[in-house]
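Below: a set of structures, written as structure tokens.
One chain, chain A, links the two complexes that follow: it is found with chain B in the first and with chain C in the second.
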Partner chain A sequence: MIAALRHKRFAAIGLLALSGLLLWLMAHLVTARPGILFWIGVLVLWALVWIGNDALSGIRTSSPLTTRLRNLAVPAIFGLTLLLLWQLAVKGFGIPLVLLPAPSDIWSKLITSLPTLAADFVQTFLRAVLPGWALGSLAGFLVAVLCDAWGFLRRGLLPLGNLFAALPIVGVAPIMVMWFGFDWHSKVAVVVVMTFFPMLVNTVAGLQAAGHLERDLMRSYGASWFDTLVKLRLPAAMPFIFNALKINSTLALIGAIVAEFFGTPIVGMGFRISTEVGRLGLDMVWAEIAVAAIAGSAFYGIIALIERVVTFWHPSYRSRKDP
Partner chain B sequence: MILAATVTRPSFTGALFAGSALPVAIIVLIVLVVWYVAAIPMNAVLSQPLIDQAGGGLANTLSISWSLPRPVLPAPHQVMAELWNTVFTVAPWRPRSLLYHCWVTLSSTLLGFMLGTILGVALAIAIVHVKALNRSLMPWIIASQTIPILAIAPMIIVVLGSIGLTGLVPKSLISMYLCFFPVTIGMVKGLTSPDPMQLDLMRTYNADASQVLWKLRWPASVPFLFTSLKVAIAIALVGAIVGELPTGAQAGIGARLLNGSYYGQTQQIWAALVAAAVMSSGLVWLVGFIERQVARAMGAKP
Partner chain C sequence: MAAASVIEARELSLTFETADGPVYALSKVNLTVHDGDFVSFIGPSGCGKTTLLRVIADLEQASEGAITVNGMTPEEARRQRAYGYVFQAPALYPWRTIERNVALPLEIMGFGATERAERIARNLDLVNLRGFEKKFPWQLSGGMQQRVSIARALAFDPKLMLMDEPFGALDEIVRDKLNQQLLELWARTRKTVVFVTHSIPEAVFLSNRIVVMSPRPGRIIDVIETNFPKDRTLDIRETPEFLKVAHRVREGLRQGHSYED
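Right, the complex of A and B next:
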């Protein structure tokens, strides 16, 4: 019975590979306006890939390595299928470039305009996003520690911080551009203002996270406020701090790009996107979006990896049995 | 902290010092003072010639620095005056009125918020019920938020505009994309929050999946839903404002910001910012109010 079930699963995965390959071939060979049979074929193959992927996600694995491989493969196959369907739909229905470019068009544009993309990446990401993110997060963290040391400040600043964290702070972009000029300085300022409040609110919440028992233990050791902070409460606050760092990583990218709408030198991701939209060069826009998406995901991923190392003790990272 | 403040409340003055009303008031006061003082050096480029012309002196410095027509940093009372002029002295349906622009932004915010909530809840229900979706869709939903959607906003508006969709809908779609994410994440957590005992009980009742959903999972997820909705409505407003930037500044809070920055109308920018802040906190308060009503209707103790 179990052996038969296992056979079925392997058959499903074989099917997945085969139909995926066929779909890929179709995406390559497709020309404008194919017949109805072609689209039926596409739908059938899509359904087969879906069934195969479903079977793959249901496989019971024994070693952690294969589990990890499976957990990576399932979403990857899902994403690749979507890309293939995108390519098929654009080429098959003959959708014009100004509406939606196909993935292959975007890729060729990306390859041919690497120097421009690199310059934009340096201007927006390395000069504006990273310094602004670091400065804003650091400032929020320091003010949070001050708040913690001085209860009056916490009671006064925290309600305001909670209020500001929910406000559309990105609106300060025109003011910052007016104050700090068109170059990257104004973008750094916007990012600092945007990332400050999430960090403040989260760190203050995190510093309250250590339990009463642990705090009493520290007091019975005769530990000073500083010792308690460094040895108990900051480590306990780390999940909250990393949460804020992750929120801030996406906020920073948004802030820097939006600030470029209000004035910029002739380089930068936001500038390139708005000018290329004006010239209907949608393939370049999508190439820029691809770069932004990869940079944003990598940024987020690196923070998540560091978090995993620093807060290895947190329950969400302890190994658990795969259901 | 809130509990402690409500339990130990001996007198009004005691509550004032133990609670956060007084500290907040003092911090706000400090901010106002710093703001007024900072306005003097920041406006110096513009105000210095005028001050010299008027003969210098402290009185002249203050009065001129705080009443420039296009200051680098307007004084708080100038922002309030601009708000008063654009809200109360102009009919609300005229494009000169700030209320008109607020309404334009608010309508696309609310439409986007509604669409985003529906999409978010639907995705969460699908993810909870279909295991393959949980494994394959969840990573992409998270990845979708690392893409700076606000950067694609101009493109979405241009593309939708070229197939005939203009005005409200494209902005709402940007709001929707931004605010479905917290709803999905919160609802997946909420729908899976009933503990196994309760799920087992439903099984002994021979309940089918839809009965489990409507009688157990949905009521259990209501607190998670409202927490997510508060985040979502604030983001929806940001999405609507940014969605207005590339449309060529016709109407809305975003258009006010852009117009103000083109023509150096700083007071207009600050007034638009204050309006956005009031709208944002009002919307979050409204969701919180509905949450309390729903909690009471569901039998929660106040």
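Right, the complex of A and C next:
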């Protein structure tokens, strides 16, 4: 029985390794316009990888470590297969670079342009996205707390905030460039405008999230507004606040890149994308997109990790084990 | 010697205005609770037991009539932290450990760290939850959570305890045990307890006065004095005197129902 299971496991992994390797070889060797047999081979190998990955995801694991490894491997294999198919399609059908560069083209562009990409990353991500995200989120949070302390502020500000949120970034960005100049300051301003409102709305909602009994308890202690805020309502609002932080991480990246389309010094991810599109350097555009995707995912992932630590008590994370 | 009155309600009424019209949760309630009393409210669901307790606690305001707590308005009494309230659900804060849940009122009321530690230990002992200090509420059973909420209410040592069906969700065995412990605590500390239940044996065993209530409109239909010794044990539930009182409570509850149909 155990032996049979073992066999199944090895069979799945062996199938994956073999078909994956073959697919990789084909992607490596492919030249323009291969014959029909080549494409049939690709389809068969793809099917085999698919079956192998499905078997892998169904394998019963014996330890937490193998479970984790398995849970990482399945989506990784899926993603790699997509990249290989992309490579095969672009090279096999001879698709021109301006339409869609192959992953190998993007990769070689990426490693030969590292200094440029790094400078763009610093300009856009470190100087605009991060500070703008932090400032906008902090401002939204503080205004939400003020709204909570003074009801008239909430009634006055929330509709105004709605207006804010509806402002199109393509309208805001040029105005901010006029106000704050071409450099990163105007990009920070755009990001602040974009991230302020999601945090405001989420925090206002979060501050209402504590249950009735939990509030009555505070009231029965004759607790002050501040004590109630710090000991009950803010902790209860944390899932909402982290939700806003995650939404804002995505918005900030989009905002900073798009804002650079409207005037910038000659550095930055948005600047690079817009100029390289003009020069038909699509491999560079895709390299920037790859950097943006990796940075954005990492940013989001880190916030999500902190969220797990801070809201460990929330039903979606907690376990009966000790945290 | 007449003990000072802790709660005094005169012609107290409370009407909730709802979308489906008014709900008469309390109607012309007269009640006096003396210092050191153990008073139970008993009656079917919706007869206003919780509402009456919440009016005493200033969590709800009466529409008509007058009420004082310790000779003050309920609001003044609440601000002076006159009472500890045990809700129908534990209402523990899930981000706090058990000991920090018990510490919550102590932090708010400005007790020092050593005093806090001592009171946490003493009250967790009282509800038999030593060793669970570092656990989180969701790691405990419902009965244990409710005991934590009792320890939390006792932590700042209020003279008056308001308890809303604290043992309602517990099984019979745990309930018996906690009843016995609560009675001993009451006899020892001379606290005043106002206790909501819909269990007749629980009410008769614990109380020196039983307030029988009836719904629509919520009102008091009988007040029964009992005279059991303070150091009684669960065994008295088999005695003729006990059964006589229980019978009178049951009669009261039945009479209350006959108003409707």
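The working rule: the second predicted complex is superposed on the first by the 294 of 323 C-alpha atoms of A that agree within 3 Å, B and C clash if a C-alpha of one lies under 4 Å from a C-alpha of the other, contacts with A are read in each partner's own complex, and residues count from 1 in each chain.
Going forward, a residue touches a chain if its C-beta (ideal position, glycine included) is under 8 Å from a C-beta of that chain, and two chains touch if they have at least 3 such contacts.
Bear in mind the structure is a predicted one, so any value in this text is a computation, not a measurement.
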Kindly classify A:163 by the partners it touches after superposition: chain B alone (first), chain C alone (second), both, or neither?
first
When the two structures are overlaid on chain A, which partner does A:313 contact: first (chain B), second (chain C), both, or neither?
second
For A:219, select first, second, both or neither according to whether it touches chain B, chain C, the two together, or no partner.
second
The chain contacting more residues of chain A, comparing chain B with chain C, is B
Let me test your reading of the model: by the given contact rule, A:300 touches which partner, first (chain B), second (chain C), both or neither?
first
The shared contact residues of chain A with chain B and chain C are none
Touching chain B in the complex, chain A uses residues 50, 53-54, 57-58, 71, 74-75, 77-79, 98-100, 152-153, 155-160, 163, 166-168, 170-175, 177-179, 249-250, 253-254, 257-258, 261-263, 269-270, 273-274, 277, 280, 282, 285, 288-289, 292-293, 296-297, 299-300
Of chain A, residues touching chain C in the complex
211, 213-214, 216-223, 227, 231-232, 235, 311-315, 318, 320, 322-323
Footprint of chain A on chain C - complex, ascending:
54, 57-59, 78-81, 83-85, 87-89, 91, 93-95, 104-105, 107-109, 134-136, 138-139
The residues of chain B that touch chain A in their complex are 19-20, 22-24, 26-28, 42, 72, 131-132, 135-140, 143, 145-152, 154-155, 158-159, 162-163, 230, 234, 237-238, 241-242, 245-246, 253, 257-258, 260-261, 264, 266, 269-270, 272-273, 276-277, 280-281, 284
